[in-house]
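Input: structures, listed below.
There are two complexes below, and they share subunit A, which is joined by subunit B in the first and by subunit C in the second.
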Partner chain A sequence: MRLKYLLAVTALMSTLGGTAYAQQNTTLDLVEPIAEYKIYVSEKLQQLVTDTKAFTDAIKAGNVDKAKSLFAPTRMSYEAIEPIAELFSDLDAAIDSRADDYENGEKNPEFPGFHRLEYGLWEKNSTDGLAPIADKLLADVTLLHQRITDMALPPEKVVGGAAALMEEVAATKISGEEDRYSHTDLWDFKGNFDGSEKIFILVRPLIEKNDPAFVKKVADNFNTVGTTLAKYKSGDGYQSYDKLTDDDRKVLASAVNTLAEDLATLRGKLGLN
Partner chain B sequence: MNGSDDRLPPRSRERRHFLLGMGAAAGGALAAPAALAATQANAQTQDRAGNAGTQHHVTDAPTGDASTEGRWPFYGDFQQGIITPRPAAGMIAAFDVIAKTPKDLEGLFRMLTERLAFLTQGGRPPDLDPKLPPADSGILGPVVAPDNLTATVSVGASLFDSRDWLKPLKPRHLQRMTRFRNDALDAGICHGDIAVQFCANRPDTNIHALRDVMKMMPDKLVLRWKQEGSVPVIPPRPDGRVESARNFLGFRDGSANPDAGDRALMQRILWIDGARGEPAWAERGTYQAIRIIRNFVERWDRTPLGEQERIMGRRKSSGAPFTGTTEFDAPHYAGDPHGTVTALDAHIRLANPRTTGSEKNLILRRPFNYSNGVTKSGQLEQGLLFICYQADLEAGFITVQRRLDGEPLEEYLKPIGGGYFFVLPGAREPGDYLGRTLVEAVRAGNASPT
Partner chain C sequence: MSDERGAGPVPSRLMRLAVVGAACLAVASGGLFYYATVSRQSGNAAAVIKVEVGAKACTPNALTLPAGRHVFEIHNTSDRPVEWEILDGIMVLEERENIVPGLRQTLAANLKPGQYQITCGLLSNPRGSLTVTANAASDAAAATGPDLKAFIGPLSEYKVFLAMQGASLVAATEKLAEAVKSGDLEGARALYEPSRLPYRRVEAVAMRWADLQTAIDPVADYLERREKDDHFTGYHRLEYGLFAANETASLVSVADKLVADANELKARMRSMKLAPDDLSGGAARLARRLADGKIESGENAYAHSDLADLNASLTGIAKMAGLVRPLIPDGSGDLAQELDARLKAARLSLDALKSGDGYVAYDKVDVAGRRTIAETFRALADTLDKVSNRLSLG
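What follows is the complex of A and B.
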């Protein structure tokens, strides 16, 4: 990394002859992390399509229990890359919007996606009428995969995604309102934190030298989240959100708010606008 | 300060001297020139207030302040925001605390003190690289004006109960607020490990302070609930007459409040000293009771005036008791044993029967009116953010509230939130911090009462 950095600086100095190079070289240094992140996103999307297929198949086969068991693990790959998925707001709304986004909530026939299926499976304990919604979800997820594969990821969106994921959790997830029918919120948390930490880990070498205290503080907070969530592991996944104690909810809330504050400086630290 | 004292009613003169004395004492303890300047500026504010002749009860109506440069001293034996005249805007913010060790708690108190010292005195937050989020929300502009902001920090029973190393140091009356008979407490707006009372001339100044604390300390404090309130501003009257502000039932609130300018009285009813069986660290602190009390204002407004006055025990227009002509006349119950003049169950008579012994139950009230929106039934959700201070929570708020249980006013009230807290002793000078005596007591393993 160090050698590459020097080479990049020398190359830029000779072409730019001065002042703007500091910013230029960080952008250049971001090339590799972003390429790596693109691979991460592709893998998650691949997984999301495969899992959504199995999940929606179960619904269409009328298998409520199986569909329930596949709901939370399927969502995790989506949650990990949510800020990138949100670049396509039409698809994000179709895939992941909540009843509150619609007048009359669940009764509104336009309420689509994962949470509409979650509502049917848990509240109604049935797959009745869910098949068309399941088909649409699979189609949307597949389209999302295609669109993202075809695009170049904007560096500021990738780096900004680390904080954006924490803002999501801080604003509307810590309350347990995301998966309000299934109470599988801790799975989503895990997806969000993993996705955010991935970005942090990829750019970490670029800031470690200049700002070791910052890097340590962020890493410590990710650890706090990791150990707190680990208490609620159950099999391959997590216990119901109701099981989260008040104390642990506070610890998570504090870690999320702190990560949101700190990661909000990541773009600036890397010279991105 | 220029011989104009003669124009003032005696009470205001006393008060002015008291306030100036307080400023001077704080100034003497300060070393940093900037802080000294802040204290002097503050003395001017207080002088202005004194000259207007309008302040002797904390609950006198705020007269309005065109300047945002007024400051109250942050450092002192006692925390600010208790005997400080109540300004137009108030807020209580209750937090949960993330602190596993005494070191964590010390870090929290030090940082909170540093933020509040800055916010209450004002100044310019640092300019950062525009690629970074700005250091300050900017809602008060590039320079933070003090705007008479006070911040008062208190701790709840849960802070002690959930930490073995703090348990033995809990103040003796500090407890989790429990339900009184008319209460319908909503857990979402009750209790907390720490409460901060912000008061300022403008609500934005309180909001700015809250956002600053939340932004700077997310790893230590998690917001639990908050309630804002206000007091109507009444411009100074030409005749210098003082009045109490009205609450949302239309009555003057605060008329019979103890005189905050009376040092001996405040020592007796407010401040913890060595003679109260409290842990030594708690000296110079006081208890704070907070109640969010909804008022059924539609129903109240449909109640005959005579009945409203009977229920309160005072005239609505003047605020005077039935045995007097101005709101500051003391009510007399001695010649009225059957309640023919002032009903035996009138709010003020139950709250303070003025019998021998009842002076032990005096409290200093410092409430704000709140207005929150509309209930599901389409009624106004408004009421009183009741805040009171006393040296003994049992003898003070709890006893008074028990006496009020069952009062006719209850039909128009529903207490829905709040909590009991203990106000930490003041931070005495720069370098000192709120909570220091508690942290030191933890370190010393010294839990025995004085």
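What follows is the complex of A and C.
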């Protein structure tokens, strides 16, 4: 019996030792995935600046319909890279804060950025008074692009971003709280989803060998969310958030919450805690 | 295959024992972890730091903690969702978003000594303060170099730089080859130096592949039959044809080969594995090599465009230096400032020779002038060596 106990403990120790060794090796193996992710972020930021220019040009031209049609697609690049975009507190507030963050909500003249423009376009159905806010938004996304261009991304923020994006979906997209005036939450959802899946796909080769069950479970849940979301595709974009059925909302909520929990273990699995 | 070792049938008693063993180890390591946590936070009674976010402010609104890992429990006592952030200047160090009214969320942060701010609900609410004081552990961390993890971000960013320069290199050499093939002597002359710049920006890495280096960048002085040597290929062969022989006819195959080599270099830079020493160490080696050789001898014997070359080299060196600069441990005196000053001095030594959009021809820079530039690059190399030592890479 003693021998068996020793055997068991030895087997266990070798397993633990193996994990520690794998983590150590993993450390610099993250260089390539993080580099790929940086390129992804740079492309999204270029897209964001280009799209924001077209969106704000439409507002300044007084073209309400065109501006409305460009609001959701413009935001998708921002939502995809939110874990990185949010690293700057000043720009996060300037670009993407909500009325809740201000005393007196929408009436507060300090309320800026995307959601202030959304409020004007949908609630007031007008571009009146929006030109300076549009100019400021374009300046802010341009500054964001500049700041991130030469920045070394913190690996724990990148890897942690996979879960953060899904938490964001769970907290604000499934409830329809984010784009409360335009109901374009499913576009943002798709942006968050793409950004989270991108991170998972990039680090997946580093964990697949040691943890195939985990990888499969996460991939399956991404698949469930992707398939459910695809039902609401309309043209190049997505239907209004109001169209989401209760059943699909439940399927999404369950898969998204599980994804958020599972992805939250990525940092530990990759030795970044 | 070794992953499947445990997949075979296991006697149930053994399995039970293994589980018990695992539990014992888990408890033991949990105990050790607890001990380590408590001992590190000695003098700090509460392990979890509680912060209430109310309608107007945080309670407490000023926190003082010893350096190390802390867990915060944020209780939203206001009537709207809030996010709670620890800010270092404009940078968000850690954050917890979407805390619903009435609920609590926890957040863990590894804090270095310094002065931070905390956000408290509405953006217009005054921010609270978080003062993190030094302790024995943080002093020890400041004295030793960064761990391997700290290099992931900088090395990734350098890989991105290599990828972008690799793409520029291929595009620029292709343009040059097109001009050569169409017999456009003036056009090809104008494209010669721009096609070299991406190569010089990545030379710290490119110079490790001897086969590519001898194909892309040999100079005639080092070849037995000089300009007539069969091994006279690459950039300087093109330069010789364009600026000395004034013809493009003999250059077509040379230009095609340069494009092929540029593609190969790009592919190798993409698949290569970088090590921590490749940044400050690679930058120091390149700066010293330039100071000891090319700066005094010159390299572009026919186009005299060496100053633009050196400017591109310095851009590459500055990229590497900038990436390791944040890793220099706090207890390194003014080493980071010294690095800034050395980079600036090297830049100024080149700027002094600017002319119009570019630089004066290098044959107009005398020996003393070249030596002045070489000295600034040598001093930069010395400082980069010091940085490597402080990063425990020396």
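Everything that follows uses one rule, which is that the second predicted complex is superposed on the first by the 249 of 273 C-alpha atoms of A that agree within 3 Å, B and C clash if a C-alpha of one lies under 4 Å from a C-alpha of the other, contacts with A are read in each partner's own complex, and residues count from 1 in each chain.
To be clear about the criterion, contacts are C-beta pairs under 8 Å (C-beta built on N, C-alpha and C of every residue); 3 or more make two chains touch, one makes a residue touch a chain.
Being a predicted model, the structure only gives us computed values, none of them experimental.
Peer 1: Kindly say whether there is room for both subunit B and subunit C on subunit A in the superposition, answering fit or clash.
Peer 2: Partners fit side by side after overlay.
Peer 1: One more residue to check, A:89. First (subunit B), second (subunit C), both or neither?
Peer 2: second
Peer 1: Name the contact category of A:260: first (subunit B only), second (subunit C only), both, or neither.
Peer 2: A:260 sits against subunit B, while subunit C stays out of touch.
Peer 1: Using the superposition on chain A described above, determine whether A:209 touches subunit B (first), subunit C (second), both, or neither.
Peer 2: Touch partner of A:209: subunit C, not subunit B.
Peer 1: Does subunit A have more residues touched by subunit B or by subunit C?
Peer 2: Touched residues of subunit A are more numerous for C.
Peer 1: Report for A:250: first if it touches subunit B alone, second if subunit C alone, otherwise both or neither.
Peer 2: Touch status of A:250: first partner only.
Peer 1: Just subunit B (first), just subunit C (second), both, or neither: which does A:197 touch?
Peer 2: Touch partners of A:197: none, neither subunit B nor subunit C.
Peer 1: Please indicate which partner A:221 is in contact with in the superposed arrangement: first for subunit B, second for subunit C, both, or neither.
Peer 2: Touch partner of A:221: subunit B, not subunit C.
Peer 1: Counting only touches as set out at the top, which of subunit B and subunit C does A:271 meet: first, second, both, neither?
Peer 2: both
Peer 1: So, A:32: does it touch subunit B (first), subunit C (second), both, or neither?
Peer 2: Once the two structures are laid over each other on A, A:32 reaches subunit C alone.
Peer 1: For the combined overlay, can you note the least CA distance between subunit B and subunit C, rounded to whole Å?
Peer 2: So the smallest C-alpha to C-alpha spacing between these two chains is 5 Å.
Peer 1: Considering only the contact definition stated at the top, list the common interface residues of subunit A for subunit B and subunit C.
Peer 2: In subunit A, positions 271-272 sit in both the subunit B and subunit C interfaces.
Peer 1: Give the list of subunit C residues in touch with subunit A in this complex.
Peer 2: Residues 3, 6, 13-14, 17-18, 21-22, 25, 80-81, 85, 87, 90-92, 95, 97-98, 119, 122-124, 148-149, 151-157, 159-160, 163, 273-275, 322-323, 326.
Peer 1: So in the complex, the part of subunit A that touches subunit C is made up of which residues?
Peer 2: Residue list for subunit A touching subunit C: 4-5, 7-9, 11-12, 15-16, 24, 27-28, 30-32, 34-35, 37-39, 42, 86-93, 97, 100-103, 110, 150-155, 164, 167-168, 171-172, 209-210, 271-272.
Peer 1: Using the touch rule from the top, collect the residues of subunit A that touch subunit B in their complex.
Peer 2: Residue positions touching the partner: 221, 247, 250-251, 253-255, 257-258, 260-261, 264-265, 267-269, 271-273.
Peer 1: Quick one: in the complex, what on subunit B touches subunit A?
Peer 2: Checking each residue of subunit B against subunit A gives 96, 98, 129, 131-133, 162, 214-215, 218-222.
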